[in-house]
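Listed after this line are the structures, all set down as structure tokens.
The two complexes that follow have subunit A in common; it is paired with subunit B in the first and with subunit C in the second.
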Partner chain A sequence: MALPLPPGLTPSEVAFVCELEMVTVVPRQQLKSHDLLSGPTPALRPPHRAPLPLWLALLLKRQRRANIIPPPWLLPTSLERILRYETETSPSAFSPPPPHPHTVSVLPSATDQMTPPFLPSSTADAPSGHLPYHWLELGEILLEACSDDIPDPDKVRTLLRDLREVRMAKMRASTKELEGGGVVSLRGVGAMEVAEGRQFVVGVMDGLRKLGASRETERRRREEEGGDGDGNSDDDDMEME
Partner chain B sequence: MDISDILLGLSRTHDPLAEDDSQYEDDLGSGQADLQALTRAWINERATIELLSWPKDGLIERVIDRVKAQIEKVEELTGDMDPKTNFSLIIIQTEVERWKFLIRSFLRARIAKIDKHTLHYLSTPELHARLSEMEVAYATRHQQLLHEHYLGSFLGSFPQNLQNLNDTAGGISMIGGPDQESGVFVRGLGSREFGDQSGVVVKGRGRDEDGEVEVERGEVVVARWSDVKDLVERGEMELV
Partner chain C sequence: MATTTHIRVRGLPAHNPGPTYLSYTPDGTKLVTVGSNNTARVYNEGSDGEPSNLDDCQEQNFAVDATNEFMVAGSEDGTVSKYNFDSMEFDKFLVRTTLPVRDVCISSDGIWCAVASDELVVKIVNTSDQSAVMYLRDQPRPIKHLSFDPSNKYIALSCTNGLVYFYSLKNDEPELVRTVEGLIRTLETDSEFSSKIVWHPDGRAFAAATPTRDIQVMSKGDWENQRAFSGHSGDITTLAWSPNGAMLASAARDGKVILWDTKTQKIIAIYDYPNVMDLAWHPTNNIVSFTNTDGQVFIYHDFVPPTHTQLLRLSVQPAPFIHDPLSEISANAARRPVTNGSKDVPHRGVRQQSHDSLEGVDDILGSVLDDDFVEDDDGAGYALGLNGNGKRPLDDTTTYGSTTKRTYGRWEPRVHESFQPGSTPWRGNRKYLCLNLIGFVWTVDQDTHNTVTVEFYDHEEYRDFHFTDTCLYDKACLNEQGTLFACKAEEKTPAVIFYRPHETWTARTDWRTELPKGEDVTAISLSDSFITVTTSANYVRIYTLFGIPYRVFRQKSTPTISCASWRDYVLTLGNGPVGADGNTKLLYTIQNIKRDEICQSEDLVALPDGETLKSVFFSDDGNPCIYDSTGTLLTLLHWRTPSQAIWTPLLDTKLLSRLASGRKTESYFPVAVADNKFHCIILKGGDQYPYFPRPLLSEFDFEVPLYSPPKPTSDDDEPEIDESKKLEKNFVLGSILATQQQDLIDYTKSTPSQRQNLAKVELDIDKTLLQMLAVECREGEERGMRALEIVALLRDRTGRMIEAAGKVADRYGRGVLAEKIRELGEERLAAMEED
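Here is the complex of A and B:
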């Protein structure tokens, strides 16, 4: 009954989440609108493009009822540009994520706090030149399910692999920053990279924290006795397990 | 299901032309909103070792009702089977299965946490309030069975003063809780604390120094769970 998995999504769960991303399809058959739990799907009339969640697009693709238009960032020219950015312009940090498609206005709105997979970052009119949060899973899924819809799929596959390696090295290098604790930014990281790196990163972090626990409590005590009274109200009982 | 849902359903059946693409994109009607809330709740619950509060706005009850209604619809549709509706059924059922997976995994993740630290979550009123009614019943019964079993198999032959499972004598509690300081991956969702939208400010505690870091909207960071816990509860950050 109880879930036997450790904290954090497994790769297949990440792929499941990725399947909620919107993609653009070109239907090859008519299909009426369906009243799904998440709202009605658009009625499909060839050759009009329509946005669909990836899981449904894959279902239609498998039955040859539709073609999927690859997102602009997945095209070889875009991937080459990103790879160049990752290796030359910014050899230590990830390339920036795509800008948030919904700008924040004065009035609070439901789109303010929207995050992947519910952002339209992989539809046909998404921006190119940025890797969205689910880039690796989406790329792999599309390459497997509809390589005939993607121009130059072999090149895309190689580029994705190169990007993955460059970025994995950055992920591993980020553990250096973890040494002192605190908050470490991984701006631009992807979902699968988080899933892959989680055990390692969290393990390093927890291990270092436990090793440095006495030093940390000591520092806190010193700061309090130093009496510059910065109002640090944290209770400092670091409990060792 | 409330009145706005019913109205929404009515307008949908009366005006089939309204279902074009643009409307679908903008439609944050309750189904889509619930899916987003459920996905976030599930990922949050899966990504940390501490039990989070049961969603207060009746989210889980609502999505379970939705799934039930949809299954009834499927049963009706199967009555008049013809090859055309067959594919529609596949689509509808695939979606239902996806929702069911989310709900089931969410509940199972919670049960795993309750199983692990049952007494911890039953020990204080604040922690107790995080559980749903059913979970409270489960946890209480689970603990009771466990205690009875322990008593019957070995605790019974111990001296009376050593039979407690929740002893706090000597300043050390027997009740273990999850490690509040464990590392988590979180994403900033933006904050409205200072009027306009800005980044979320995280007070990170480190070994050599403490510091405040502003986390942009959409930025993913690694932090200690205890430093970001309040922000996650307030909805200014989400776990990934």
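Here is the complex of A and C:
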């Protein structure tokens, strides 16, 4: 690698990408439609709800021109349900991501390929009980910027912290599976978790590979002595990157 | 009011010095006292001197309650003992606890005995069968006091953490229904002060001593603070309602026993007796007995001074509400001259004084009447009918006055109540006068005046304002131009209408006008050009925005119910002839005021049997909408053409997919219809009306009730079926919207954007049809007939859509169908050329 930058996105970059997520706002004053690169924003007429990208919603919120409606999955009841799922229902796997909002039918359509942050996974009509891709950063941003719009923000903060710890523990535990070239499903893991876990997991994998390298050379030597076998065990390790 | 000049009542030495408690039997023949020694004393009525004794008691008793047959006493050693009166002997231990018993309470039917101790769990034991026990476990700290409500369906626990826990006992398993914070203070279980919940005999409210040494009344229906009694200068140790609820007696550490008038919350008399611990009214006579910490018992004859003894003879009196929901309804002028003519308490109320479980008081007539009472109360159909008619939150435990509406044996038509769309009834001292998409208007009752606040959603466009309102406005309307208020006619002052525009270029443009004396406002509405007022004299009065009377006419259907307006159109609602279900039919009239045309004359509002209207309003594009008590939103199609109007459902909130799981119970308070969405406030926990803090508005897309919502468990099994259902719903909805848009364009000077909008709606319908066609093609060849039918429904006249339909059929390889579609397209083109 030519650049001294670590691979992947840094947490601040992930947070930046997260600001492209759509959220629902209740405007407090009128605002005409603006033509942005991403398309025109809806005209704001209080108290009609309108979907806006998070960065614009935050801007309006800071100027007290709008209130942000927290996505349904950020409510305490939903988070409690997810936490129960993470700890009791499936103590090893991550809770599943929200279903794709556009029906994936037999015929391929343009919406099939859409991924976060271009899916409306954090608007007011998003499904509850599922953590979307940008859950951690979105939750943190909303708690910081508009805790007055979120019911019971302290509880939400605690629950988010709990969820984060539970899932980080799972992430760390997954390295055990990876030892010796296993595969771990990352279904439902959020962007920030990948960004945070990358350093650790890649480091662990590198370490394991180095440890394995001596064993490997040993085996190769034995194989050379005793005939050939296959030695492709270390290729799956790239799974995490 | 002055300290009384009575002869001082001598305390009877009953027990050793220490906490002493007492209870009357419900028939009033015996007064039972327990205290710190091992004797319980039973004073028989009339014999002022020597009590009978129950000698084999435990020591240090902390609680006692009695029925006509037996009494129970709770002691510090953790036993609750039952004693029979006929044998005057110990019967059995009802229950044992590991820690000292703090309170016992017997339900008024004598079947259940609730026991609070220093343990966290409260036990409710069957008095005849000790093995039948209910446990209340939701409280985190020990309970100090317990009390059954007069109907025995609820129990209130005063916890040592300063919260009150209300459990419902309607089902076998007790259920925590409500926690009330901030009413009582935190007290240790052995404290002498009281945090007991004392139910008013009418069952709709209760009182408790607050940390500020007041006695606060709270209503059970909405859990709001009502009136308060203040005057004690020490912490309150005990309080008790008189058997009919007309008076309240309380004792405090300031050494005073005070008798209060419930209605006015004024002091009737003050007696100086220090250290009073417990106090009880005789169920029938003018006697109040109380105990003090020295183990003495005072039996006070003629406690109520002669000037107020008439209060004792009244039937059950209403609890002191700020705005009594019952009187509020019957006070609506000219509402129900026949059905609800008598405003006094029904004679059945007298019986209900038997249900005073507070001090173990019961009816002299025994339990026979109780059964009778329960039968009536459980008549579910009866209660439902009431609910449909009276628009107040009706709880089947609302004993007081719930039978005022109808008496047996005389049939009377049920009349729909009048209402102001978008407003809520009084709850506590607050009420929303108007809630819509512009903003909201609320008022707070400050006893002598109200304060009205108007807030807007758009803070930039409008400025919030509030003012002190001496006219006591109780109705309001709000729109882009201004705010309209109306107040009730009082005996001396006539009803007033007050209009205040938001913006003005003259110095002062708000105006008010008075209605003729005795005429009351039933509903008001405000549009861009007119103000409409319907009155109790059945007049519809129309003013221009700046107060010029424009038109007055008498409404044909009476009594009037409500009105709504949009630009020059005014919709008035009234009661019509009686229908088959015993309710009057609702009739509406829509007229154009400026052109003086009647669009619909006395046409029916389509409502299911026994249901009523919740709200009526115009949508933002000017179509009349109603929301009924079944939770359905309907709109009127073709209403500009006389006798063509039909009511079409847009949304059935019972079929919303958010309720499909069956776990949620919620209702919706309609606010507006705008942008093809239904704006409402979601009400949870059985609430009927929104309250403070103002909840957020929610919006729902229209969904024509064609199918039940899919069960949430079946995820991906049959997406095709769901998809086609969804498309069908969209098609029907699109047709409704296109019809409305077409009508709008035909009957008004349409703007290009409106015509564009219609074209867009029609294009959407065609797109939906094409998608439906694709689904049918995918399903198979045998669905061809249905597919061709769908093609025939296409609205497009240029032939492009039919061409596209042919392509869809080709794509799925349905050659025959494609051929037929092409034929159809040619026919259509030919027909168009002929035209």
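FYI, the second predicted complex is superposed on the first by the 199 of 241 C-alpha atoms of A that agree within 3 Å, B and C clash if a C-alpha of one lies under 4 Å from a C-alpha of the other, contacts with A are read in each partner's own complex, and residues count from 1 in each chain.
As a working rule, a contact is a pair of C-beta atoms (placed from the backbone, for glycine too) under 8 Å apart; a residue touches a chain by one contact, two chains touch by 3 or more.
Nothing here was measured: the structure is a model prediction, and the numbers come from that model.
*Asks:* Return first, second, both or neither, reflecting whether A:V26 touches subunit B, subunit C, both chains, or no partner chain.
*Replies:* Touch status of A:V26: second partner only.
*Asks:* So in the superposed three-chain picture, is A:A110 touching just subunit B, just subunit C, both, or none of them (first/second/both/neither)?
*Replies:* first
*Asks:* Kindly classify A:P101 by the partners it touches after superposition: subunit B alone (first), subunit C alone (second), both, or neither?
*Replies:* A:P101 sits against neither subunit B nor subunit C.
*Asks:* Output check: A:R219 vs subunit B and subunit C. Expected answer is one of first, second, both, neither. What do you get?
*Replies:* The answer is first: A:R219 touches subunit B but not subunit C.
*Asks:* Examine A:P47 and indicate which partner it touches, taking first as subunit B and second as subunit C; both and neither are also allowed.
*Replies:* Touch partner of A:P47: subunit C, not subunit B.
*Asks:* Look at the residues of subunit A and decide whether subunit B or subunit C touches more of them.
*Replies:* Partner touching more subunit A residues in the overlay: B.
*Asks:* Please indicate which partner A:I69 is in contact with in the superposed arrangement: first for subunit B, second for subunit C, both, or neither.
*Replies:* Only subunit C is touched by A:I69; subunit B is not.
*Asks:* Could you tell me which stretches of subunit A are touched by subunit B in one complex and by subunit C in the other?
*Replies:* 106
*Asks:* Would you tell me which residues of subunit B are touching subunit A in their complex?
*Replies:* Within the complex, subunit B touches subunit A at residues 12, 16, 19-21, 24-25, 27-29, 31-36, 39-40, 43, 46-49, 66-67, 70, 87-88, 90-92, 94-96, 98-99, 101, 105, 108-109, 111-112, 115, 176, 179, 181-185, 187, 189-190, 192, 196-197, 202, 204-211, 213, 215-224, 227, 235, 238, 240.
*Asks:* State the interface residues of subunit A toward subunit C in the complex, per the touch definition above.
*Replies:* 26-30, 45-49, 69, 99, 103, 105-106
*Asks:* Which part of subunit C faces subunit A closely enough to touch in the complex?
*Replies:* 437, 456-461, 674-675, 696-697, 699, 715, 719, 723, 778
*Asks:* Applying the document's contact rule, which stretches of subunit A touch subunit B when the two form their complex?
*Replies:* The touching residues are 1-5, 7-9, 13, 16-17, 19-20, 31-43, 50-51, 55-56, 59, 63, 97, 100, 104, 106, 108, 110-115, 117-118, 120, 174, 178-187, 189, 191, 194, 198, 201-202, 205-206, 208-209, 212, 215-216, 219, 232, 234, 238, 241.
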